[in-house]
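What follows are several structures.
Two complexes are shown next, each including chain A; its partner changes from chain B in the first to chain C in the second.
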Partner chain A sequence: MAGRLTDLTIGQKRAIWAWGFLALPIAFYVAIRFYPTLEAFRASFTNWNIVGRMEYVGLANYARLAQDPAFWKVIGNTFAYLGLGVPISMLVSFVIAYYLDRVHFGHGLLRALYFVPHLTTAVAMAWVWRWFYQPPPVGAFNVWLTSLGLAQMPFLRSTTQALPAVLAPAIWAGIGFQIVIFLAGLKAIPRNYYEAAEIDGAGAWRVLFEVTLPLLRPTIVFLVVTSSIAYLRIFDYVYAMTNGQGGPLDATKPLVLKIFETAFTHFEMGYAATQTVVLFAILLAISLVQLKLLRSR
Partner chain B sequence: MTRTSPGRVVAWTLLLLGGIVMVMPFAYMLSGSFKLNSEIYELSLLPREPTLDNYRRLFEKSEFVRWFGNSLLIGTLTTASVLFFDSLVGYTLAKFRFRGRYVVFVAILTTLMIPTEMLVLPWYAMARNFHWLDTYWGIAFPGLMTGFGTFLMKQFFEDVPDELLDAARLDGLNEFQVWWQVAMPLVVPALSALAIFTFLGNWTAFLWPLIAITDRNLYTLPVGLATFSGEYQTEWEMVMTGAAVATIPTILVFLLLQRYIIRGISMAGLKA
Partner chain C sequence: MKTARTGFWLAALLTALAWTSAARAQVEIEYWQYTFAQRVQAVDELIKKFEAANPGIKVKHTHVPYDDFRVKIAAAIPAGQGPDVVQLFYGWLQDYLKAGLLQPLPASDFSAIEVEREFFPIVQQMKVDGKYYALPTAVRSLALFWNKTLFKEAGLDPNKPPATLDELVDYAKKLTKRNPNGDLIQEGLTIDMGGQDHHWLREVLIRQFGGAPYSADRKTVAYNSAAGIAATQWYVDLVDKQKVGQIGFLTDGVTAFRSGKAAMTIDGSFRLGALDNQKGLDYGVTELPARNGIKSNFASYWVNGITTKATGAKLDASVKFLKFLTTPDAMELWMNTVGELPARRSVAEKDANRNHAKYGPFIRGLGYSQATDFVNESAQRKVYMDMVDKVALKNVPVKDAVAQAAAEEQKLLDAFYKK
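And now, the complex of A and B:
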């Protein structure tokens, strides 16, 4: 055996080392990532309450989903988070990054102020925002509104205001990340592009639309995709601000909370798996759009 | 570049005001945590009679201290595992030439496309079968290796010159020693960035611990905090104290390692 081992070429020995290094990780990825993925797809075609066996029902879960008004309600909410969250956060973070990029005095401090919310525990900050949203005399927002002579707002207690009220801290926590990425993108634009534009006599707006934004395209695509995915998966803030209910009257309930309820309150694991497949399909579609946008340049 | 025009001063002032608005929730959280219950309804940021009573009360509850410890333990173990395995796999994929290398790399990359929400149901079934529910291992096992970290580390190991590794081999080091003693010290900046992200990610993780744990003694900090509603109904100063204890460590980490964090995020964003 020893003689055999010394006969191996260097390349073969290296390959043995390589597979040795990879053995445990491969087992992990197969057992904890790939197998569960397949199981989720399989479960989506079954009736399964976790205790019993999976019982195949074909496409029944998908048919039920299509006719479930509660499902369409959460899909509507989820896309409301996306439709409000992505444009607002992109616009705000770009404007801040655009000006922050030109500031040298106190740059690090300013950037830190904007970035810190990104590192916080959502559940902890959800409490702070809940406190702000309370009716007077507890909640700061309502106290300020009253002192300005404006009407009080119900915020989390209203079916129309609750969703934006839950979204606000999510945006607040997310823009720090977007600003840092925008700043990195802005720094990567070569100075001479700006100099050339200046020589051409282009004004600030023309430089912005004809130089800065086109060159930032990969950054913008990356951020639109990552933030879209984040808002489609929103869960922590909603759970923590509505006591896990997604209320009032499901007004704030996103898809992930519905999945959580279906699986762990009603123990309809098969039906919940079907909902995760829908989530997966939506996220996959967005990632494919990203690839397409980045390639077609 | 350093001209000071009125427009710049206005822009700078607005940026500073915006930044102050951004940290207002922290200011109110901290000030609330030092206030007496009788003072909590006043909106002033400076407590009239600052008190540490809330912190004392919170830490006297052994539960809360346990939650803090649980989060610390799980964050540390997971981060150690991720640093070890993600860099080992990243190194192997970057520096070894063997058949099947590309397949392994692509397979690990595809796991980035699978949302956690899809995996938690099978993980729960698995953990239930193996009696991992309500154990530390049960909280930690899904995060012991990450596709993101592997990808990040692979990018950085590609820049390590092969000559250096070959020289170490001539010195008689085996492949494991070459990785651990020669290559690893060269990617410390990337390792620190990965360590920070992983630890913070686990410190704030909510969905899976919420599912995997029903025993209050094993709650992580976020899961424990989420149950505060029942306990401290109108004691907002206690809720703020709990929130502060969960948040202050991450802010301290940020202040200490700001440079690495910002650089790490920029790197990750540009390389992705």
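And now, the complex of A and C:
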């Protein structure tokens, strides 16, 4: 009697067990992740104000998006977060991890200190930084600047400085995680490679570029992809530091905040879904390109 | 044997009768509002009183976090679930009607003539095609808050707040403090478009400078005028010329005033509760300053409406509950719990309320207040925030900033009314 449970091989039984256990999370993901995602694609072709009926409008939302100056503004901001956030956070976290790896006294404590910001609530931290950026005599940064005889800065009240000012605490919180991953990557490099390089008389820079960095490639790929996704989706810091406005004059507004606004203050769910689809496409494209570039060499 | 069977049927019949009569006696209706501690407390107390007076009706009170409120209602009612009686912001009425969420209040229970005689005139915005769709328990308006301690420090009479715009500027200058480096350490007046200032400029200052924010049918922006420009210029001068405040000082106006670092602020009656809980803050409330004898104010309110879900016995119960929510007693309870003002003139303008040290100025302001027909309040507020930021950060001339703001806001109005 083929097909009876008792006739299956041990391997087949194990597979059935595994699928049995996996079925629950799969069903869960399909219901609460994939299905709404597909719905978003559908909604992007409609006008829908949440309360009425969905009205099919074809590609009208996409056409509107292409001509919406506010959309191109937030796309520019989003890529500024990405373009500044990823390289700065990668460089800083690598340098810290590189030297932390060599410190043995107080290593655990230092590592914990760098990791703490990552554990802190983003909104609470954003508010603390908001106060740091206040004009003197309240804001710590401006107090330091003026005590050093430098000019005070408007920070969050400037259309040019506000974006980096919002990005700073996000980077600061993110590097804790990146440092820990870099440390794990560094620990995983076999010592004998270093010993061999030393015997061959390679200098510290040579070892860094010829041994450490190439062997860290999987770590770097992972961190670049995850941090790119994080900076492209930045929202909480901006929301908390600009009263949910992304101001002044939209200077700090990222795409996700615009999606949120379109959906929940303008109640244009269809148009918001269109922007979500665009964000999805950007995330997908950037992740694929990064994986390809960083893996192949 | 026979008696036993008869007894059984009799018992069954009695049980069935008891069930149906219980079902008839117990109509349960649902009431929804957004989560806000004092509002929840007030409604809980009101429901207790209502149920005691109407033994056959039970009211289930549900409160939803503000951010989810509209979405949940929109999803629930078309599905035949959710509230029978619902609280909504006055500015949402058009949206709710378009979506078919509300039914008109029966004219036999809520006559238009009576409503218009009894309630403040702003409530007439709830009348569409001759029918009222919702009524408020309470209304809110704006007033000038001043810090008595800081007035004393500056040598001003702590019991004599400014009554005109000129006095306001004059006092604010005396109340502004800077350290030797010229850095602001105390604001004379808070400058915060993200707070209530956009209402102040829109419905009060523009009118006081001889203009109007909108056309009579409220569908066209009318402040791109000499009066609108003059009012906006006066407002931005508070920072640039009079130097009595700074945008973003201590992050926002409420924080600056609460922490005793701002001497005056313009805010709503809903702020009274929070300020009363602030230890060491000795403040007073007065009517908004006048200009050339012109007084104006901005009022807003939440209303209660009956949803299309309510039919039959539930509709009757909902009507009763809504009537109860708009009784003078309910309004008094609401004022004392939430701090919002009674929507009936007769209740609000009782001498005890009208002369109340803190409610009084708001109530007197209601008599000459305007309620903006917002189509999207946060987007329209942002237009004003951007207008002031353009002047402050980009050196855009005031008249250009006003023209751009008017054009942007007109776009919002057009998008709404052409739908």
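Observations on the model:
Here, the second predicted complex is superposed on the first by the 264 of 297 C-alpha atoms of A that agree within 3 Å, B and C clash if a C-alpha of one lies under 4 Å from a C-alpha of the other, contacts with A are read in each partner's own complex, and residues count from 1 in each chain.
In this text, a residue touches a chain if its C-beta (ideal position, glycine included) is under 8 Å from a C-beta of that chain, and two chains touch if they have at least 3 such contacts.
Worth saying up front: this structure is predicted, and the values here are computed from it rather than measured.
On the superposed chain A, the two partners chain B and chain C do not both fit; they clash. In the overlay built on the shared chain, the residue A:265 is in contact with chain C alone; chain B does not reach it. Contacts of A:137 after superposition: both chain B and chain C are touched.
By the touch criterion stated above, A:157 is placed in contact with chain C alone, chain B being left untouched.
When the two structures are aligned on the shared chain, A:233 is found in touch with chain B, with no touch to chain C.
When the shared chain is aligned, no partner comes close enough to touch A:286: not chain B, not chain C.
Touch criterion not met for A:84: it reaches neither chain B nor chain C.
Of the two partner chains placed by superposition, chain B and chain C are both touched by A:243.
The partner that reaches more residues of chain A, of the two candidates chain B and chain C, is B. Looking at the shared chain after the overlay, A:50 reaches both chain B and chain C.
Between chain C and chain B, the overlap after aligning on chain A sits in one stretch of 4-12, 58-66 or 328-336, namely 58-66. For the contact definition in use here, the residues of chain A common to its chain B contact set and its chain C contact set are 50, 131, 137-138, 243, 264.
Interface residues of chain C facing chain A in the complex, by the touch rule stated above, are 67, 70-71, 74-75, 78, 95-96, 98-99, 101, 179, 181, 183-185, 194, 246-252, 376, 378-379, 382, 385-386, 389-390, 393-394. Chain A contributes residues 49-52, 130-131, 134-138, 146, 156-159, 243, 245, 247-250, 264-267 to its touches with chain C in the complex. Against chain A, in their complex, chain B makes its touches with residues 1-2, 8, 11-12, 14-16, 18-20, 22-23, 25-26, 28-29, 32, 40-41, 43, 85, 88-89, 91-92, 96-99, 101, 104, 107-108, 111, 113-115, 117-126, 128, 141-142, 144-145, 147, 175-176, 179, 200, 203-204, 206-207, 210-211, 221-223, 225-226, 228-229, 234, 236, 239-240, 242-244, 246-247, 250-251, 253-255, 258, 261-262, 265-266, 269-270, 272.
Considering their complex, residues 11, 14-15, 17-19, 21-22, 24-26, 28-29, 32-37, 39-40, 43, 50, 96, 99-100, 102-106, 108-117, 119-125, 127-129, 131-132, 137-138, 140, 143, 169, 172, 176-177, 180-181, 183-185, 188, 219, 222, 233, 235-236, 239-240, 243-244, 256, 259-260, 263-264, 269, 272-273, 276-277, 279-280, 283-284, 287 of chain A touch chain B.
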